[in-house]
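Next up, some structures in structure tokens.
Heads up, the next two complexes both have subunit A, just with different partners, subunit B and then subunit C.
Our next item is the complex of A and B:
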């Protein structure tokens, strides 16, 4: 018995030795080039996030090692994240709420628990917009009308159901007491198409990122009824938040970064240090301003808690909202 | 408890195998069943979802939604698919959650709108369970019907492919039955195998149970150890497998010889040669160290091949001593017979003289004879008062007179009763042999004279036998006591060595003084107190 008890113990010792050896040998993490995976084609939001990170981290000399951005498009992030799962701690990937919803909507086996959260970096806000000459002057008018006759009001969304654009309005409608399954969503190819459809009068309203409609709103071509931020957004302070419109909801469309599973404390601490410096730089601020993003920095620990909270929220939204009525 | 464990080998093997088989088989069966049923359920879920997805993209159904009217074609298609995948029902719902198309045996009924929520709102494909009725649990694969209007797409309805869990469980239980049947087959095979194994072992052990064998083994050892004959058994490589106590004593073997090579423990090459011979030996005599050993051996044969040898040993010295003692006794009675014969012939002489009228000669002869007799008698019965010595000497007197040897008991001889520890047999051997030797020594001499002296003054009994023979050559004094040494020819020479042995046994000593042509004197000294008494 004693003899057999020794084997697992030895294995454990070996394992620990291997681990600590790894950590000790990697005192100067990172030792290799850093790879940032953008799980989308070049030009999208994820790609933009990844390349901005690379520019600032390298430009400000925050990270000595070379940083390469790799595009792995497909499956709403699935391809890139699957790739990340098999890499070592020198590979990181950009993420967003899709890392939660893909699984909840049955489109992926991966969950946020399969990765090491590194940071939440920035957020965009969601906007509900109507044509400039719409009969709806406020968000509550729009919701009231929808509640009365859901199928008569066409709402544009893109590029697919289940993204943050879609979910933000689903949540708002749920909060307002509308069964989301009655909402009349028309699904367009992308954000641009949605706005075009709105401007062309094909739909009565659209739900999309603020950046897609902000300029047109300012130009008076359309009207933003509500934004999903906590406080009014700079530049369009006249637009109420959902809270101000009477719907208790804040809906960030956040972007973050995560690493492969089982990263060590030291490695996490390294990124906490580097990224907390990054978000303080002017260059990063410029990136945020250029893209209509808002600083939303959370370190690894905070991000972990944030993901859990968001997961619970999305779960409720996806699975339980059907019971509201 | 012990009695409980003391069951036959068959029961033991059968019990163990049954236990192990049951354990392993039930574990394996449970695992397979568990995994199989999980797998089956998962497969059913997959089929339900995949079927729903396939249906949602079928032109017949898409067209029915685009046109806004449920078509017969849609229902037919659903029915066909339902048959193919063995589903219970297929329901097609529109956005309002109303039944738009239907295939199945029962009446359409209503759909549970909540089940379709995720499909209608998020366009997800998934499976879900309807748990409302425990006896009639239903698995649903749900997929949205997404219509592409060119510029945009829209979720217009959803498809639910429903399976009755009862049917799925039925299939699973059929599978389980097969697995259990296979396990039972294996179990029966295992039992039969163990039965055969137990039988085969019993056959090898001649039907004896292990504890019987153990008892036999112990018995054999006890028997072998108690036998007086030495026994050694060894295998064909010469490894000793058994040696009993007597063998160790006779051959002077060390305490533990089992497992060692016979060549290692027996030093005599001659003995080894005999012991190792292919054929059995019968009563072979051999000199081993200072012993004469009689060897019997027989090979252990298995299929006409020698797999080992059993050898028995007897110490011949013991047997020899016994034979010697018997011959002494015989000699003693022979001597007495000689005396009787002597007297008879003397009586005949006296009768002859009387018949011839030579009375004076007859009287003289009688007087002479009476004087000798008187002297002998007087000496005997007055001075030598031990009956054993008396008897021996009387015999020797008769023998001497027959051989015309003058045998005289010297003046001053005296002896009380000998102590008890000195028996007749050793005396016969010592005195008989020495006097006989003296008689032999003088037999060819002109003056045949042998004298005997005995005394028990002091602590020792001392007797002296002197002859006036030719004496011993120088240096012979030592040799004469060795076994097998004889001046009288071959196959003799045990007399003096036996004498020596007896004297040693009685803690005595012997001395020889001899002058060539003058004669030899043997002096024997025996202590009156036995060695054992001395120790006390």
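Our next item is the complex of A and C:
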């Protein structure tokens, strides 16, 4: 009898255990603290994106869990994204076109397909700038001269070839019928150094983010010949877009966010809901304005398609640039 | 200079809340500067979330105070433990540590605080009157000039190792070799990374500093721990003597402007400024043989210089939006998030902010010299700490500092390797500074050389094409020949003396 009494009891315990297990499984994502990886040192664009996300998501009470920003610098994102790959769905990482180009340039095994696309958030535009007293008055004058003798014109870029600063000009040049692999690039440490070199007259032109040169343009210290946006940019309406300058291209320098591989539909839907709210807030708009960024929100589905389309584009650009054979 | 804006700025900087931030920032900077590996860049980055809720003016005042506060703090551990907290504190080990060993730790700490103060104040005045022309002067520095400036620094440091030049050159070569690790900037080729993505950004010089100095020093003392006598080390008075002040006065005043000018150049920074400050002082000195043995001038000069450089580095940041160092780069990021964009328009659009910052640097330097002199009495107690307590703490701090650099455990292995390496260097009597300095400037030096040659289509003539580059070239040759010149002069003097002796004998 005693034995028989024990079995139902054990069954009951098992059942309870199973129930509580179920309950934990049903508990809505996210159950833990959220971690946002900035795959770079503090201070750069990725870090600013991650910290602004944290700031607005927490400040506006959009996400109840604690959000921590973790810096994992190294290898143009490689270190941070390798780390992301080994984490669960409570870790997300900031990305940009480097998630495509690292692989295309043969510098990384990781591809965009190794991760779950969550969203594209914001974009910067690229600018081509020359010294204020340059002999080039328009983008087409610059391109004409470059076409004639590509090696005679020194173009500053930073911090490495294969980034958007470099590839945006590669695209413009190849649209114009110049072989981009013949362009004479001088590679500086970063965007700031590139601008210093231009102001000091050590290079003939620079290709960089618009935010690096916008104030200098307004102060008359240098001249922006073209921006890569669709429409003229607020504040510098006098600067033509590449399209207006006769080169058919729009080149966003976008930043987004992605998760580790194999996130569930529910988890993706959670972020679609939260991030679509985030981009509507005034605080996020302020972040965009402060950084000279522009809203470029795409939800997870749109981002997936966008990445595929960008992958094809970058494949062509990297090949045109002559960086790989 | 606009008197009204200046007064407005002063009144903002004197608001109690801002004075509080200045003192907090200065103290925090002193502390992180002291700890190996934890530098002002890390401290500013950690504070970014806090600055979100702050008024932008207070935020920039706080961050600047941390930055120059770290210049005060950096030399503390150089003097007491022979472990610099940052690149700009390396020069303080040359004479600061020997002074402490001679029982003059107190005067060494005090004179370095005063030297930092005077250097800082001189630089703030420079900022007031010369910001604009200097910013334009800095632009003249192209790749060729940068390459030559770094070459000058390297050759000046190697020339310091009088009597063991070959070892100095060897240490420099090892440093330059280490600097080649990582992605090559011009071509994007991965060099010596052994397939580990962590190495793609190169070997962080701070790990090498912590390893070679801190861990190396601990291991070295471990070797002869049995021979150490139990006698209590003297720490000396907490204030310097009149004679010491007399000897340091002019070196401090000379080195301030040197450091300030170098600080204005984007990318040069406090390390090069303090090294140039030290070597200039030594080469001008009447008693060069005392340098490296605990000459008070040899400590005062680089201290004045590196603090002036940290003020100078604000000029390209504020007038052009160009960060001149790691810390100012982090500051730029933080300021942009606050909606304050440093650049050519800042002086016109927000003069209050700029003038408040400049004035806060006056107040900050005064606060810091007081903080640091008050701390002298406390800090010298470190020397009384028994080795078995002190050394584990140093090792622990070294590991923590290393981890905060890039949050990776791979760096621990590097730290240990360089620790053992540092031990061998000490045992074999190799100079350490050339190795560390070569690693700090190596990658930039290489890239600037290549850019210079690329932009002149392969001609080396570019290194003689401007007045600045020719001047740097001459200084480099002079500094390399300096040991030879000294020898010749001494010989002549000896000959003369012996000739005179003969003369007196015969007469």
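Just so we're on the same page, the second predicted complex is superposed on the first by the 293 of 325 C-alpha atoms of A that agree within 3 Å, B and C clash if a C-alpha of one lies under 4 Å from a C-alpha of the other, contacts with A are read in each partner's own complex, and residues count from 1 in each chain.
Throughout what follows, a residue touches a chain if its C-beta (ideal position, glycine included) is under 8 Å from a C-beta of that chain, and two chains touch if they have at least 3 such contacts.
Note that the coordinates shown come from a computational prediction; the quantities given were computed from them, not determined experimentally.
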{"item": "Which superposed partner A:193 touches (first subunit B, second subunit C, both, neither)", "value": "both"}
{"item": "Partner chain in contact with A:107 - subunit B first, subunit C second, else both or neither", "value": "both"}
{"item": "Partner chain in contact with A:181 - subunit B first, subunit C second, else both or neither", "value": "first"}
{"item": "Which superposed partner A:319 touches (first subunit B, second subunit C, both, neither)", "value": "first"}
{"item": "First, second, both or neither for A:270, with subunit B first and subunit C second", "value": "neither"}
{"item": "First (subunit B), second (subunit C), both or neither touched by A:136", "value": "neither"}
{"item": "Which of subunit B and subunit C A:170 touches, first, second, both or neither", "value": "first"}
{"item": "Which partner, subunit B or subunit C, touches more subunit A residues", "value": "C"}
{"item": "First (subunit B), second (subunit C), both or neither touched by A:44", "value": "second"}
{"item": "Intersection of the subunit A residues that touch subunit B with those that touch subunit C", "value": "105, 107, 151, 160-162, 184, 186-188, 193, 197, 202, 323"}
{"item": "Partner subunit B, residues of subunit A touching it in the complex", "value": "105-107, 151, 156, 160-162, 166, 170, 180-188, 193, 197, 202, 318-319, 321-323"}
{"item": "Touching residues on subunit A, where the partner in the complex is subunit C", "value": "41-44, 47-48, 51-52, 54-55, 70-76, 78-79, 82, 105, 107-108, 151, 154, 159-162, 184, 186-190, 192-193, 195-197, 199-203, 212, 215-216, 218-219, 221, 286-287, 289-291, 323"}
{"item": "Contacting residues of subunit C [partner subunit A, same complex]", "value": "41, 44-45, 48-49, 52, 138-143, 183, 185-188, 190, 197-198, 200-201, 266-267, 316, 320-323, 329-334, 336-339, 341, 343-345, 406-408, 444, 447, 451, 454-455, 457"}
{"item": "Touching residues (chain side subunit B, partner subunit A) in the complex", "value": "95, 97, 113-114, 116-118, 120-126, 146, 149, 151-155"}
